[in-house]
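Look at the two complexes coming up: chain A is in both, with chain B in one and chain C in the other.
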Partner chain A sequence: MKMLPRLLASAALVAGLALPAAAQDDPFQVGFIYVGSPGDYGWTYEHDQGRLAVEEHFGDAVETVFLENVPEGADAERAITQMILGGADMIFTTSFGFGEATNAVAAQFPDVYFEHATGYMREHPNVSTYNARFYEGRAVLGHIAGHMTESNIIGYIGSYPIPEVIQGINSAFLHAREVNPDVEIRVVWTYTWFDPAVEADAAQALIDAGVDVLMQHTDSTAPQTVAQEAGIISFGQASDMIQFAPRPRVASIIDNWAPYYIRRVGEAMEGTWEQSDIWEGIDTGMVVIGEMTDAIPEDVRASAQAMIDAIAAGEYHPFTGPINRQDGSVWLADGEVADDGTLAGLNFYVEGITGEIPN
Partner chain B sequence: MIRLEKRPQPSRFWVVGAPVLAVLLTMIAGGIMFAALGKNPVEAIRIIFWDPLFSERFAGFSRPQLLVKAGPLILIAIGLSLGFRAGIWNIGAEGQYIVGALFGAAFGLAFWPSEHPLIFPGMIAAGLLGGFLWAMIPALLRVYARTNEILVSLLLVYVAEALLASAATGWLRNPEGSGFPGSRNLARNPGTDNPELIAGTGMHWGVLAAFVAVIAAYVIFSRHILGYQIRLAGEAPRAARFAGVNAGRLVILCLGASGALAGAAGLFEVAGPAGRISIDFNVGYGFTAIIVAFLGRLNPIGILLAGLLMALTFIGGELAQLMLGIPAAAIQAFQGMLLFFLLALDVLANYRFRWKREVAA
Partner chain C sequence: MIIDPVTLIVALITVATPVLLAAIGELVVEKSGVLNLGVEGMMIMGAVCGFIVAHETGSVAMAFVAGMGGAMALALVFAVLTQVLMANQVASGLALTLFGLGLAALLGSGYSGLPVPVASRPFPEALQAIPVAGPILFSHSVLVYVAIALVGAVWFVLARTRAGLVIRAVGENHDAAHALGYKVVRIRFATILFGGACAGLGGAFLSVVRVQNWFDGMTAGAGWIALALVVFASWKAGRVLLGAWLFGGIAALQLRLQAAEVGVPVALLDASPYLVTIIVLVIISSDRRRAALNAPAALGRAFHAAS
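And then the complex of A and B:
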């Protein structure tokens, strides 16, 4: 019976000796917390592309680690903490729901840099938030959709009724309406970011309702498959989804995080990192419109490209008045441009969209 | 030819020996899988089972986390075991967990930002009530309309998830959260928080409640008439009826108790580790608890150990992902192996192998 304690003690010794060496290793370690799996070919895939870009850019000076399928909430707090105990010097948490956990852990590790995607909480000086102006890309897709639809009904798969998604619906609708006064938009809420079965059902429901152009704000490629079978067109979401080109996927909205990740990791390594609240769009390349295929008429491709260029040059803002709210009241007067504060908390549809935002 | 022969009494040796053997077999089979993935199997096994408990670098943090993770699993599984023993199948603990959290959080938020000492007890009561009421739907439907409680309780999980989403984006949304979904943070307000009771242990009221539930269930099963009725109803329903066990009352009692405990687990989670109502508040404790209940052989002490073991594989598995880059799917497969071996080897406790020569009939 005396063997056991001794065995435990020696094993503990081995474990104890093995670890500190790793902790003091030189490479700057960057950790990524993913809400899904890089295999989603959507949201998390693009963040993982950003991670790989960081590895490639910095070579041996940087080491990256990631945890996939991390539930939002208490589990995230543990996952982040274990990552830091494992040696991470900088953490990217890549989903809105990680905000609370990111800030809670940041309070305990003031020397670690935290970057939280799509959130708004920066309770400690070592926490930054970053997001992309997806609505800029949605404007371009809406423009194309308005031209392409024959049934004049555009379908939109919404994840959750949160400002970011509502911005996209409004932006897509406004720019579809602009080129096609008869266009309507139908929204189905899935209450999930990633669930291929639910997303496929939503797509089918929209198609059954007469939709012939499908947009999605969920992460899987399931709606693309359904669109393909139904012979309608669709747009890639978060990643290019180029495997569905030239039809159904006629264009896409790509989240391109790599430049931002490389920039921030570089700043952290040099010690010039500062807290920030980044919201970048087409101009810096954080939002990219994927290749427009031949399925789109040439003149539409040209006008869409003109819109991309105007947004990139800062000449055009997708939310420029006159725009009324759904109830008919004035939101933006003629020529007025929406301010970021209102957009960040956007909780109403614009005039012309039927249906209600669920509460 | 090998024959299985039922033991008259479960083997005392194998009741203890089977789980140990199962863990060893999992280490071997899992080790082979990790080696096939090109990872060092010994290191992987050490990280999963050893490091969360004893490594200098992680244990200080991981050990308390074990209780945080195991607490709700044990609390829910204890409740489920009451019904499971009686042949009453509550598969919807996840929904009761959500509704309990919603009731409890709503109670706390209704008095925001009061720090009155009765707020938290009130939240616990509301959590218990929420889970209880949600479980009453399948219970009453089974008793009075003869519906199947497995289906009803399971489907109500999806209704509860829809309620949760509407609460997070609507009626419980933080008015100061600039339109973002999610309620106020209950854990950061002294009146509504479920704090760590002893610093550095991970012990919060929910973990304490889980331990109390283990003891209470143990007493009920071994000493109380109710425990006898539950077992009788499960093993011999007809005999139970002749013995005067009121089947309808038992259904309401078992579903109600398991619902209330799941609801309480939800409240402790939302006021403590999770902190707030959010769209993705539920992470599957209600379903995992079903596995924990069976892993623990529906025995209170077994459930306690099974809950801790599950928590260990979650936390250790996460470390293995992190330190060795083992994919999350492989960790899940590893957990699956553990469950498989544990349940498969159960046969050793109840049966024995006999060599038998074939005899012509």
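And then the complex of A and C:
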């Protein structure tokens, strides 16, 4: 029942978007499929900033279209197809759940370029995937959280139990525990990327459970409002969420897609586009840590900055052994660094986290 | 770690309020024989109008009025379509939801993230500080109490007053009510507008009090839950309150069970309000007499005065 309004809404949007097929000399059309709305001031907002940067960079040579609130699943396939029939030459699908739909449509349109965010499926030569190493940013936030928590309980609002989110939880916990051996982490799964009311409820549930530092891996700013009321601290997610600074938002993890979008659109226009699997982090600026406010003690800001610099320089990997799995078995030996394949399929918590990942 | 029942109850009352408001309005609408599936659209209009006015005027009371007004404007469109132009109620209601979602997105663009005043709480700090009873009874914002009072008022009007009898008569058999001289269309206009006001109030509560922000599509299906709730409550006001608290309670409880690291199947708990609704539907429709007793007989049927 919850899907219905979104389904219908997107159907209506798609109908409105069905433009006549583009003629030869038209500008290069780039389509974006959003899971939420650019007005979320989080995940989709940053993708839309990337889209605007593409428009700005290429001017009249490029035209962009976007479709918001597209449900993950079969309906996305129709939305993407409509966009291509409307003249799109390149499609960015900006949520994990669009993977199957993206590949299914890519099979039918071999001349269209597809870019799927946070995905892993590249079943056709015209599909690339791209992702950011969010766990690098989470390590820095975890470091700050470990220093700043007084109740020693960190709250984490998870969306879906997929590797990308589990990486973030593990990374945040490991680096909080590193500076604070008593710290615990509590995770609440919302099973949605974007539902302000549920996100706010989840934040309240965590606060009622004694959490005094809140992290989120969902898209809206609703948890920030709840954190503000409760007087605890929080971190901006996906976007800077600077409107909640200096408290509750004491720092943030920003996804900066603009450089990648400009690069890939340029390659597609020149015909040099090749299938790739991009996973970039703090080093290339795809992951940015937003301004750390005065609410964080100066020495913590300094040590967090040192960690950012070390990750950017390639000197430090957030998953460096010794790290044990939750069941106590060895995952990474002393000095060993997690390989990308394991991280991309990460489906277990590290030792010290007491919750269970739901199936 | 165990779950604190006090904070759970406080949370469930807050969670339940938007849905409760929308459902109690829709109950009256359906009691008069009209099925308005546009609750979601009216709620989101209430949310956006309430938020805009809260930001522009700095007055929470004005925001609630605006939320009601915005949703009532949409309800008026529905009333004209279905009562004057005799359009199909199901189709019109669905169209209303789509229209409301789109219009709200248009009106609200640029308003996300802007500040709104904080809704006052009517009871003094001293009362809120009473252990157990303080947070449960006295810690809420005004609209929570309004919503509960409204349930009582709707029950009283429908069950105990002449006006309620007329509304029910129109909903059970509009031809007979018409023959008795009651203005069926006029009465239905009034109930549809009342339903719109309630849905708008629920939406405004969501954006102005609970989330304190505006996002596209922020009602996220609350209107549909409200519709399910009316059926779940088998068109009885008191049961709407119970149902709303039950639904809200499940939502609040499952998050707390997770926070307490109690191993529960989250997906199952999340789906449980819908499962319960289906079970209730099966039960009430399995007995024809009971179904006939509860569902308004003229529900969803167009009324032609000439016939």
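Remarks
Keep in mind that, in the parts below, the second predicted complex is superposed on the first by the 335 of 359 C-alpha atoms of A that agree within 3 Å, B and C clash if a C-alpha of one lies under 4 Å from a C-alpha of the other, contacts with A are read in each partner's own complex, and residues count from 1 in each chain.
As a convention for this text, contacts are C-beta pairs under 8 Å (C-beta built on N, C-alpha and C of every residue); 3 or more make two chains touch, one makes a residue touch a chain.
Bear in mind the structure is a predicted one, so any value in this text is a computation, not a measurement.
The superposition on chain A brings chain B into a clash with chain C. In the superposition on chain A, contact of A:Y191 is made with both chain B and chain C.
In the superposition on chain A, A:A209 makes contact with chain C only, while chain B stays out of contact range.
Look at A:S37: by the touch rule set out above, it reaches both chain B and chain C.
Contacts of A:I262 after superposition on the shared chain: neither chain B nor chain C is touched.
Shared-chain residue A:T81: touches chain B; no touch with chain C. Within the superposed three-chain model, A:P358 lies in touch with chain B and with chain C [touch as defined at top]. In the superposed pair of complexes, A:E68 makes contact with chain B and with chain C alike. Looking at the shared chain after the overlay, A:N347 reaches chain B, while chain C stays out of its contact range.
After superposition on chain A, the stretch of chain B that runs into chain C among 186-194, 312-320 or 330-338 is 330-338. Contacts of chain A with chain B, set against its contacts with chain C after fitting on chain A, overlap at residues 8, 12, 37, 68-69, 191, 358.
Those residues of chain A lying in contact with chain B across their complex are 8, 11-12, 15-16, 19-20, 23, 31, 37, 65, 67-69, 71-75, 77-79, 81-83, 85-86, 96-97, 100, 104, 120, 160-163, 191, 344-347, 358-359.
Listed in rising order, the residues of chain B touching chain A in the complex are 46, 50-51, 54-58, 61-62, 65, 68-69, 161-162, 165-166, 169-171, 177-182, 185, 269, 272-276, 278-281, 283-284, 315, 318-319, 321-323, 325, 327-328. Here chain C touches chain A in the complex through residues 1, 3-4, 7-8, 11, 15, 18, 40, 94, 97-98, 101-102, 105, 108-109, 112-113, 206, 210-225, 228, 251-252, 255-256, 258-261, 263, 265-267, 270, 274, going by the rule given at the top. Note for the complex: chain A touches chain C at residues 1-2, 4-6, 8-9, 12, 36-37, 39-41, 68-69, 155, 186-192, 194-198, 200-202, 204-206, 208-209, 211, 220-222, 225, 243, 354-356, 358.
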